[in-house]
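My questions will all concern the structure given below.
Chain lettering (A, B, C, D, E and F) follows the sequence in which the chains are written, and residue indices restart at 1 in each chain.
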Amino acid sequence: MTQDNLIALLIETTVLKRLPRTGWLLRGVPDAESIADHSFGTAFVVLALADLLNASGTLPAPLDAGKALTIAVLHDLPEARLTDLPGPTKHLIPREVKVEAEVKALAALTAALPSSASFQALWREFEDETSPEGRLVKDADKVEMMIQCLRYELNGSRGLDDFWASMDRQEWHYPLCTDIYARLKGMRPGNR
Amino acid sequence: MTQDNLIALLIETTVLKRLPRTGWLLRGVPDAESIADHSFGTAFVVLALADLLNASGTLPAPLDAGKALTIAVLHDLPEARLTDLPGPTKHLIPREVKVEAEVKALAALTAALPSSASFQALWREFEDETSPEGRLVKDADKVEMMIQCLRYELNGSRGLDDFWASMDRQEWHYPLCTDIYARLKGMRPGNR
Amino acid sequence: MTQDNLIALLIETTVLKRLPRTGWLLRGVPDAESIADHSFGTAFVVLALADLLNASGTLPAPLDAGKALTIAVLHDLPEARLTDLPGPTKHLIPREVKVEAEVKALAALTAALPSSASFQALWREFEDETSPEGRLVKDADKVEMMIQCLRYELNGSRGLDDFWASMDRQEWHYPLCTDIYARLKGMRPGNR
Amino acid sequence: MTQDNLIALLIETTVLKRLPRTGWLLRGVPDAESIADHSFGTAFVVLALADLLNASGTLPAPLDAGKALTIAVLHDLPEARLTDLPGPTKHLIPREVKVEAEVKALAALTAALPSSASFQALWREFEDETSPEGRLVKDADKVEMMIQCLRYELNGSRGLDDFWASMDRQEWHYPLCTDIYARLKGMRPGNR
Amino acid sequence: MTQDNLIALLIETTVLKRLPRTGWLLRGVPDAESIADHSFGTAFVVLALADLLNASGTLPAPLDAGKALTIAVLHDLPEARLTDLPGPTKHLIPREVKVEAEVKALAALTAALPSSASFQALWREFEDETSPEGRLVKDADKVEMMIQCLRYELNGSRGLDDFWASMDRQEWHYPLCTDIYARLKGMRPGNR
Amino acid sequence: MTQDNLIALLIETTVLKRLPRTGWLLRGVPDAESIADHSFGTAFVVLALADLLNASGTLPAPLDAGKALTIAVLHDLPEARLTDLPGPTKHLIPREVKVEAEVKALAALTAALPSSASFQALWREFEDETSPEGRLVKDADKVEMMIQCLRYELNGSRGLDDFWASMDRQEWHYPLCTDIYARLKGMRPGNR
């Protein structure tokens, strides 16, 4: 990789700071967070969860926190080219088309990094939930979304019920996340 | 159609006021216009162009301005569910998948309107450029984009060169639009 | 009209995308919609209402949807020069002064369009409610406002009661709009 | 005045924080300042100018800085009801109508304050430029505008030339302001 | 002071229009007011309170409204360099460090104004509550904050309870402000 | 740590998405990025740099990318309580006071995480530049800032020269970063 390719990649990645999380936009949340905001949030949730889980003594083997953080940083990178396709698009763009687009975008974006192939493989562990770290980021991605959702509700936003309805059907990989979600739900303004 | 379906449609359509035109976002334009902003702009350009063209005496038959306005109002309606997929997604989501998604979205959105089938047919005239009015909206859609692009540049935005580069390859349907585009290009800050 | 006049008009009209609807601003709605957002919304409401009304078989004669759309696109055009004067100004600027200012602004803005006189006449049909299409846009203008008002309330905005109080006194031209308004009111957060 | 009237006044006045200075909006300045922002800026300019002028020994009599500050705080108060009517409205709303509207708005807003009549008289000194302090605020109002204009240009905004063109015809009351304006103009990006 | 120093000061002070009041940001208020917005609001509250108090006949000696306005305009000027340090920083940065930083900032900012020493002394009257006018601005600063807080709540914001909890412990200098605060509290959405 | 403490931490951390990077604000950049945006960007730069450096064969020992990512995620966490204190505060708040405040904030924020002590130690490696990974994040923090700075300039922002002037004096730890910075500087609009 030449440095120019690296710089082009870094400049392009800054668009994640400008692109909004469209789920919030569609529901009228003002000043909606960016994809980069969410990606940072997810990385932080991963850091905290991995630390707690590894200290809990309940896992068959400790999680590789560094690997999980790498996946967290990469998990929404394809959206630099695809943008954040919201829920309603699920009924309009076949899931396999979307996943293939994400795979292609990630490959193109990371093409010039020495570990591009490895990064793509890590992203698949997340997408396909095939490793403990991939599954942790899956859970963290949703925990982070619901933390933010609750935050918006505590700040006065309304009309976010379907986020909770959708998460009620979520199958969490880690019991800690099942527990966190239940507590978050109990903290909703209507529930107090 | 029950009134409740109509109201649901009208409420959903307001998301076009919140969803940004992602092409500007990706290039760092602050306070980027909404899809609804652009749709209004396109309708206004259609109104002006149809008036001028019909008065010019150069057309084989007069344009149906009302029909063209209908198409303008509908042309980005599918984005209420799909959002505005920017240029880079062209290499990631096959065009036929995108068009089919738009067709489906339009059908679902307008399902309860008596003229839903007719509205879908009008949209196809735009998409496939198969009628004078459909072609007019195609041209107006791009004229409006470049008017806005020039406006952003006149206001200090930079880094929009690829919009112009892309439009240099545009095949305009109406010579009036070819002329307008050339004049807009001549008004760019760098050109004065 | 020279093309340069046309381009000047099109560039000036883009300010409608930047100018906020001041009624929302005065009540603290964040990210308030633009005048162009509202104009698009009104055009879409017109499209839907005209379609439903014409299909209903209840009108003495069918509405000219194209004409109604033209009026919708034009109805707030004067605000490109006047901005959106909010409710409180009614007690400060005499109505006839405001209307004359709008008439002048519309004439100046459209001066170079061949059908300028016709467009001004259409705008008067809206302002004076002297044609079925003018009256339809009057109703649609208010329906659109209350759809957006409800949307803001569903999303958490409060303090918009006087919009509803004011609309309770509205004399709707079409029973369909009376009905829609009643339903919207029933959907307010406090009413459920 | 009952406290409830006072509180109503204070709550209403907060809208000056939400209402944008429309001159910037019309020229595409992003994140345009509020009327309250400008009013604070004007008060600060008044504070600095009065201090410098009084220390300069060039005035026939010292300025009453407290009086000038009072005028500065009041000078745009009517816009809480009228909003900021931009330049183009000058050709549409007769100046006497606008001034009368401002007079009425100020009277209504301050009705319950003991010194309402005095505040209205001070505002007239500003509007009619009939006292040294009124003239100082007139100058400060414009100096503040051009400081902000220059700031926007230094930060990348373009298309603000007509602000300078208009100020080139300004007749300043205080030579200090003539001098400041000349220096500001010399600092424009194009002039360096 | 050279005019260039004056201009540098005026340009720097415009940052108060861009810097947000961080207390609102930390609680998710969208479109949070700027420091300049708040400073204007405080000056206006001072104007109204001084007028009412002086007319009330309850003071041992009349307040110098011009002096109080000067203090109001200056009271947050140091934040042009320090930004608005929110509540949680109180436990992290010792109060004397913060005050010394503000003193230094004010001195540096006003260095070139003839009355710099006097302005610094006035600011100390505010900070140390050592004069009737300094105490008035202290009260006005908090009244203005709670007016805005109530306004945000009336507009739908939630999660601002700790502002009220903190103000419940406030020792007001003027009984009028004690009364205003009690009335504001009674107007909270939850209390009606 | 109870789950409630974890949830409180996660909710508090979302403020990093709302708090702006004040350096940009002070220079009038519109829609300035959040601290979370920057933290994500830094993590991504760390990911890319660590990958390139480890593949380059130029290091005495490979970097621990997971450790570096952990530091990147933590590096601005104290700002959740301190906010982003901009450059001018350096002359007002002694560096040791600021660092101690950050240390305290980090300790308090992470108190309930099992590895709190370890996280604090990692942060010190960053602050004191005492490990290869700490130094990498130091460099990445600045590279990310200048990538964003260049991006703002390419998009039309002006007045950011002192960022470059300040970075001209930066002592980079990794020659790769020295090289990247030189290339970024060569890409500035004025340099092409």
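Definition applied: a residue touches a chain if its C-beta (ideal position, glycine included) is under 8 Å from a C-beta of that chain, and two chains touch if they have at least 3 such contacts.
Bear in mind the structure is a predicted one, so any value in this text is a computation, not a measurement.
Chemist: Among the other chains, which touch chain D and chain E together?
Modeler: Intersection of chain D and chain E contact lists gives C, F.
Chemist: Return the chains common to the contact lists of chain A and chain E.
Modeler: C, F
Chemist: For the two copies chain B and chain A, is the contact made of the same residues on each side, with over half of the numbers shared, or of different residues?
Modeler: On the two sides of the chain B and chain A interface, the residue numbers are mostly the same, over half being shared.
Chemist: Could you grab the centroid distance between chain A and chain F? Build each centroid from C-alpha atoms only and quote it in angstrom.
Modeler: Taking the mean C-alpha position of each chain, the two centres sit 21 Å apart.
Chemist: Between chain C and chain E, what is the gap in Å from one C-alpha centre to the other?
Modeler: Spacing between the chain centres: roughly 41 Å.
Chemist: How big is the gap, in whole Å, between where the Cα atoms of chain C centre and where those of chain F centre?
Modeler: From the centre of chain C to the centre of chain F is 48 Å.
Chemist: Residues of chain C that touch two or more other chains: which are they?
Modeler: Where chain C meets two or more other chains at a single residue, that happens at 18, 28, 30-31, 151, 154, 156.
Chemist: Okay, what are all the chain pairs that touch?
Modeler: Between chains, contact exists in these pairs: A-B, A-C, A-E, A-F, B-C, B-D, B-F, C-D, C-E, D-E, D-F, E-F.
Chemist: Which stretch or stretches of chain B touch chain A in the complex?
Modeler: Those residues of chain B that touch chain A are 15, 18-20, 22, 25-26, 28, 81-86, 88-89, 91-94, 97-98, 101, 104-105.
Chemist: Mind listing the chain E positions that touch chain C in their complex?
Modeler: Touching chain C from chain E are residues 30-31, 151-152, 154-156, 189.
Chemist: Contact residues on chain C for chain E in the complex?
Modeler: Listed in rising order, the residues of chain C that touch chain E are 27-31, 156-159.
Chemist: In the complex of these two chains, what residues of chain B are touching chain C?
Modeler: Result: residues 1, 3-4, 6-7, 9-11, 13-14, 16-18, 31, 33-34, 36-37, 39-41, 43-45, 47-48, 51-52, 54-55, 64-67, 69-70, 73-74, 77, 113-115, 143-144, 147-148, 150-151, 154, 176, 179-180, 183-184, 187 of chain B touch chain C.
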